[in-house]
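Before anything else, here is the set of structures, which you'll find just below.
Here come two complexes built around subunit A, the first alongside subunit B, the second alongside subunit C.
Right after this comes the complex of A and B.
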């Protein structure tokens, strides 16, 4: 009973939060509602006995990625967005069309039976032990591939961010050489 | 009454007791800090608001410590009665919730801290085993990391919503600092987790029982040092208090706060200090176990059921005592460092976090894993201490790492200074 109340509360908060992410006019409010959504989804994981997923959800998304989001929003000092009424009329109609389309698609998928119905019995808790065993035996290859992918992304970010600096240094040395000649 | 109901009541009582005890400890921590800092700076410290108003205790007037023992309570009352000033330019919603977001995670960490060994309680003829921790999560350490990760939002939002440049700079510094040190903090714990083979705090404590030589600090000297430094950064204490930086930023992120809202930030800082010391104690310093174990016969004697109602009281008292002593000493260390070290410059802070602590943590992780694999330690089912072989191997590896880090840092310093001249 108590768990059911909690479940409905968290579901409501998750939906409310994700709606407010889109509706909020200020960028910082959007980011904060996104954090709320992440936290409520983590709570839902806890209710499903998936403590590891919940902890990782909070550490990775709420703890690391969203801090970076907020950091950027604060640095750029993003103000209010232009009100909707100032956007052009065709774009608004197009947005409505896409929104209704995606909504209809989601409802169709739910009712098509593509997603299996939720288990009614309480699932056994997924321990860290299970996850670790799966990652390091059956799924070792994809796991390592993802690590390589992340490494590539990190190096790519460094290269992109440092490109101007490297070019700048080159031009400075070039000018120095020219001056020397 | 059903067993489930009684268990839930015990759970609620535990929460109230632990929360109340730690909340009461906060004013005394403030007093401790003021007294110790005063000693370090050769001042007298608080000695005016003591117990001397009680008839017969007049001789205590102006005496060191006892003479000022109520100082923190009086300060709290003063903050409570002060007018709350709200600047018109602030973002009202965020400005209001920011102190709460700072305080709540600091309190939440207490949920996983084990304060002592379990006691038995007889309620209506049934025995209940009550662990002296609110809960023992399977993902204990991850819970700690998650909660500290969320704690930064309070400071960031306080800085942003105040709509003042000092506050904003404080908030930005705080988020940058958190991102930098969170990684070193998490990686410094991997070694301990590898040794324990679990994230659960009860198991992490179990492997440190039976004497000081089993404590994790011998197996993980580098991990403990890195966790200590990163913890200072995470709790925004000197020498990492750049988000406040009163000489350059006014008071940083809480410049625009007064009255109770300021008190909440203040309280959160001390709660953080407490819960962080508690986690460090649990992970590296043997938790609630004393340095030298008493013989089993003594435990059998002091843990006898009293009046057939409670059992295990003796070891619980000893456990809570050792836990409190360790946390007290760590809090003193916090204060000592605050009184001794100057604040980092921003580039030094980033340099230390990314170029020294992160590589050191990574190397420590790899070395620990290699040593554990070489010693071929089986993960035991019950949380018991490992043999001396692993401790000696890891201690040697740790000392080698300390020497290597020292050499590398000295060479680096020489190189940097050489460039400067």
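Right after this comes the complex of A and C.
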């Protein structure tokens, strides 16, 4: 009973947080509400006995990735300039229609009996032991590839983000202006 | 535990839909990026729910891969934003139309 109340609280917080990410006027509030959403999703993982996933969610997502986001928002000083879209109204309402439509479709699939019913809770426990065996045997090749991908991304980020280290390199706009003249 | 499985899947779908709406609703690139992270999170919630309910560790392995790709994407994307901001003092997605000219 207590768990059920806790579960509904976390569901409410996750939906509230994700809604506020979209609605918030300032980018920094969006980022903080995104952290709230990620932490409540981690709590949902704990309620499902997925401790490994919950720990990774908190450490990697809410910790590392969101610190990167907050750092960039503060570095670029994106205080006030994050208003809602000035796009033409039909495009926005089309987007809303698309989002609601895709959500309704997937929910319809979930309740159509496509997903097999859950087994008894005793059988349903995946521990770090099973996952470690799996990624170091069957999924070894994707695991190594994803490590290389992460390395390439880190090198790419360093190369992209350095500021005017090379003298005489012009910005994209300058190149375009020269080409236009 | 049983009530959580369809419940979690529905929550995942709703977060995914909110993220998809946000991508089309917002104008600044960094919030669009956060909406993409929201969609990643929704997909992860679905994977973990099914992995736990069916007792299959494959779902958690896919969760690991998704989280790694999200980290790589965030690193490269935010580096690009810093570069674009250097160039034109804002990161509004609709003004990035250099390739359309």
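Note that the second predicted complex is superposed on the first by the 138 of 181 C-alpha atoms of A that agree within 3 Å, B and C clash if a C-alpha of one lies under 4 Å from a C-alpha of the other, contacts with A are read in each partner's own complex, and residues count from 1 in each chain.
The working rule: a contact is a pair of C-beta atoms (placed from the backbone, for glycine too) under 8 Å apart; a residue touches a chain by one contact, two chains touch by 3 or more.
Computed from a prediction, not measured in an experiment: that's the story for all the values here.
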Answer with first, second, both or neither: which of subunit B and subunit C does A:75 touch in the superposed model? both
Residues of subunit A touched: more by subunit B or subunit C? C
Using the superposition on chain A described above, determine whether A:142 touches subunit B (first), subunit C (second), both, or neither. second
Identify the partner contact of A:47: answer first if only subunit B is touched, second if only subunit C is, both if each is, neither if none is. second
Quick one: is A:58 in contact with subunit B, with subunit C, with both, or with neither? Answer first, second, both or neither. first
Quick one: is A:67 in contact with subunit B, with subunit C, with both, or with neither? Answer first, second, both or neither. first
Overlap the subunit B and subunit C contact sets on subunit A and report the shared residues. 52, 56, 64, 68, 75, 125
What residues on subunit A touch subunit B, complex-wise? 28, 32, 35, 39, 51-52, 54-56, 58-59, 62-64, 67-68, 70-71, 74-75, 125, 127-128
How about subunit B: which of its residues touch subunit A in the complex? 94, 137-139, 142-143, 145-150, 152-153, 156-157, 159-160, 168, 171-172, 175-176, 178-179, 182, 186, 198-199
Residue positions on subunit A within touch of subunit C in the complex are 4, 7, 11, 14-15, 18-19, 21-22, 27, 30-31, 34, 37-38, 41, 44-45, 47-50, 52-53, 56-57, 60-61, 64-65, 68-69, 72-73, 75-76, 78, 81-87, 91-92, 94-96, 98-100, 102-103, 106-107, 110-111, 115-116, 118-119, 121, 123-126, 130-131, 133-135, 139, 142, 146, 149-150, 152-154, 156-158, 160-161, 163, 171-173, 176
Subunit A-touching residues of subunit C, taken from the complex the two chains share: 1-11, 13-28, 30-31, 33-35, 37-38, 41, 44-45, 48-61, 63-65, 67-76, 78-83, 85-88, 90-91, 94, 98, 101
